[in-house]
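A, B, C and D label the chains in the order they appear, each numbered from 1.
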Amino acid sequence: MNTIKIVIAGPRGRMGSEAVKLVTNTEHFELVAAVDHKNDGMMLSDVEGFQSIPSVPVYSDIEKCLQNIEADVLIDLTTPEVGMYHAKTALEHHVRPVVGTTGFTKQDLDKLEGLCLEKELGCIIAPNFAVGAVLMMKFSQMAAKYFADVEIIEMHHDQKLDAPSGTAVKTAEMISAVREGKKQGHPNEKETITGARGGDYDGMHIHSVRLPGLIAHQQVLFGSDGQTLTIRHDSYNRGSFMSGVKVAVETVMKNNTFVYGLENILD
Amino acid sequence: MNTIKIVIAGPRGRMGSEAVKLVTNTEHFELVAAVDHKNDGMMLSDVEGFQSIPSVPVYSDIEKCLQNIEADVLIDLTTPEVGMYHAKTALEHHVRPVVGTTGFTKQDLDKLEGLCLEKELGCIIAPNFAVGAVLMMKFSQMAAKYFADVEIIEMHHDQKLDAPSGTAVKTAEMISAVREGKKQGHPNEKETITGARGGDYDGMHIHSVRLPGLIAHQQVLFGSDGQTLTIRHDSYNRGSFMSGVKVAVETVMKNNTFVYGLENILD
Amino acid sequence: MNTIKIVIAGPRGRMGSEAVKLVTNTEHFELVAAVDHKNDGMMLSDVEGFQSIPSVPVYSDIEKCLQNIEADVLIDLTTPEVGMYHAKTALEHHVRPVVGTTGFTKQDLDKLEGLCLEKELGCIIAPNFAVGAVLMMKFSQMAAKYFADVEIIEMHHDQKLDAPSGTAVKTAEMISAVREGKKQGHPNEKETITGARGGDYDGMHIHSVRLPGLIAHQQVLFGSDGQTLTIRHDSYNRGSFMSGVKVAVETVMKNNTFVYGLENILD
Amino acid sequence: MNTIKIVIAGPRGRMGSEAVKLVTNTEHFELVAAVDHKNDGMMLSDVEGFQSIPSVPVYSDIEKCLQNIEADVLIDLTTPEVGMYHAKTALEHHVRPVVGTTGFTKQDLDKLEGLCLEKELGCIIAPNFAVGAVLMMKFSQMAAKYFADVEIIEMHHDQKLDAPSGTAVKTAEMISAVREGKKQGHPNEKETITGARGGDYDGMHIHSVRLPGLIAHQQVLFGSDGQTLTIRHDSYNRGSFMSGVKVAVETVMKNNTFVYGLENILD
């Protein structure tokens, strides 16, 4: 396999620092530069936390970076506003973007897709890089064709503010897109304690558990006559995102299309 | 072990017919009569469904039964009204009652306790004979002393009308009795779908899952810094109640006290 | 939807009697005859256990049955030898077979496939009709492309003689077909109690749990950096097979190809 | 509640550094000194990693430490050899030891117990401070009285060398101590893949799962007619030990006895 030359934007962030580890520890990946709004002109190995990393230059301006450095892929783990500009600039320099930020508008996505077509280059935008979570959602959508009844239980640490989690809502949306609407449970069921039956999303029920100790877990339960099918994902730390980044980098080199969502490259 | 002579009241009910199987299949148990508001004067082996059972007489009147038959224990699986009369009559005939019906009043229980003391006989009243479910509740109460945070997830078939289940509420009551009140979850947590965080019982959250295929399941989750402890009971059929009936019959022969609740004889 | 006219072969077997219930309870299905080596010439509603079933004739000879009865689909739940003959005869009478027996030889399958092509008719042979179990295996195979590490835990009642279960071995085979061989666990791992690490299948580990109370359960666990993905199927009773029979009957009417394995019609 | 003055021995170790956090973050606990074979004479806040800690002196000699510092409790998280000397010296200075090291001999334990009696002081030695794990073992032992059949599944990351885990073996020992020996599974069961039924400990089966991503998890499954009871502990990080240290410190101040094993103070 040819070595893939990679620029990482946002190396000091939580995801970014994991990505630096991933790239420098993967045999056919090579880190060639970093883009960081701080530390312009330094070597990455002189930045705190990166002492043991091979020496590559840091640029604050992606334009300048890609003029000076030959790269195959840009891994962007910054913010939506910056990510959009980075992805656009990368494509113009014939570098394939793998972008892990959320919040792109429909207009942004259309513009990037047009640019991919024009340049005949691949580009992958993925709000969630955890392969296991993405497979859980994909399998849930597939199973929903054969199981009309489903409930989602998501479980997180008790510092989480919102319930249900974004992943639970995304899962429910994906299931909803394929199943015929169904109001689940007994038509005459009755809550003796309000809320016991969870939140209702298009007839499905979602339950949010919050406990200290928990990290990020979700199970999707399907039931039909005499059987249940359960799909569960447990995320223990951010390392879980890196397998998705790896798959995305390898895939973006092979195909010349625009892809939104990791689920569309896992088959 | 001496053989224990047993009368069963309510042999044709769902629990009663399981109890007939239990008693006739247990080496040191002997079925000596049945009490049934129908079939008075028949042999049990002539009643439909009991053809393969040893021949014992059926009485519709417990008074008459205990005048004619020497017995050690009455297993009563009828109804609260009948059960109270049966238990009282049994104690007066020096027979120890094991009663599996719910709905006794405080007054009923006090009266039976008094009679036990007077006669120096044991008596066990147990609303739930599933040893596993009773242990789950007992362990949950014990764990709650060391884990301030707990959530209950109960899961049943979708023909169940009420949510949460009686067992879930009983579990929450038992936990509530030992822990300092605590409003769980983040103080600022927010439901974007109403009900997602489940039902609130004294600061604990209870979640009721309903799916076809499921039978009767409950898990109690405790969390604290860096760890979770889960206690789960799965009930697949009514056979699950019979281990509790067996323990109760053996225990009622050994001690001469009144006991309400199987949890008080499992140590 | 047009009503589908169905003949059931093997109506008195455990699967067969469930199939009779399924067909008579499904709106667009119609039971038109039964094939049974006993009870030739009787009406099915006169056979013990079928009193409440609509009256349809019973034939012991499928040839004679299909000469007299107009049918769309044959559901065969007999034995491999009989099943082969039944499927062949059905196709010759322009009836589409849905066969739930295992043990067909490669030669049998080839012959049936040829006949399907010739007659331009669909035919589905499925060793396992439990949709949930089949999806579990299918999803496991898909996940194995992204997770190099997997262990299988199957759990059954303690009357089961063989370990691991057929489903566990089938799952391991399907995973093995797509993943690069990998010897899992630490290279220097050491069992202090022999067998603790389970059975080895192509580097994967399989664990067989046997306990009274359990029915038929399996979970497939995948792990990678910072995350695990678990796919679990619980089968509580034979009703679980009927959703697969239903899907197969509906599918065999729509396409004119030969299919072996339910996983190939669930997409 | 009175403030408890605490000396920590082994502050730079993995457990020790967590204990420093615990003590400095608990309202009624006060860190008064540290014992460390390095850094004698320094202030703890000058040692790397403890900059944000209140300033307390470091001693390399416990004797000297306890001559100069008034303390109620010594938390020792060093090694068995050192731990024994530390515990003995603490008792002689009227300081109650809470020791978290394993490997004490029977003779060591007897000597410490004698010293406790003589000095009328409490002392707690606990090989495992994870309250959840200790409760899992305790509950398993209690459940084993009512469930003759049990299997243990322990699951760890794939860098673990030994199988089964120490906790699994300890659990099996504790169960074995109360149940009548039983060879589980079907008498004629047969492994088609060697090891599938796991490791045998006194008739129980133990299964060790190893996968990247996993941390430290164990479930104990009990089965009987129609039901299963599962007790599960998940440990995500070393924070899980600290709740046990806290309970031990509070308990050792209240009672004047020698205790070996956290399970004996959790009731």
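Rule of thumb we're sticking to: a contact is a pair of C-beta atoms (placed from the backbone, for glycine too) under 8 Å apart; a residue touches a chain by one contact, two chains touch by 3 or more.
In UniProt terms the chains read A, B, C, D = 4-hydroxy-tetrahydrodipicolinate reductase.
On a predicted model such as this, the values are computed, not experimentally measured, just so you know.
Of all residue numbers that take part in the contact between chain A and chain B, over half occur on both sides, making this a same-residue interface.
Relative to chain D, the chain whose mean Cα position lies farthest away is C. Each chain gets one centre point, the mean of its Cα atoms, and the points for chain A and chain B are 49 Å apart. Each chain gets one centre point, the mean of its Cα atoms, and the points for chain A and chain D are 39 Å apart.
In chain A, the residues touching two or more other chains are 213, 222, 224-228, 234, 236, 240.
Across the complex, chain C meets chain A through its residues 130-133, 135-136, 139, 142-143, 145-147, 222, 224-243, 247, 266-267.
Against chain A, in their complex, chain B makes its touches with residues 149-151, 153, 155, 158-164, 169, 184-186, 188-201, 205-214, 221-228. Chain contact summary for the complex, chain D toward chain A: residues 213, 215, 234, 236, 240.
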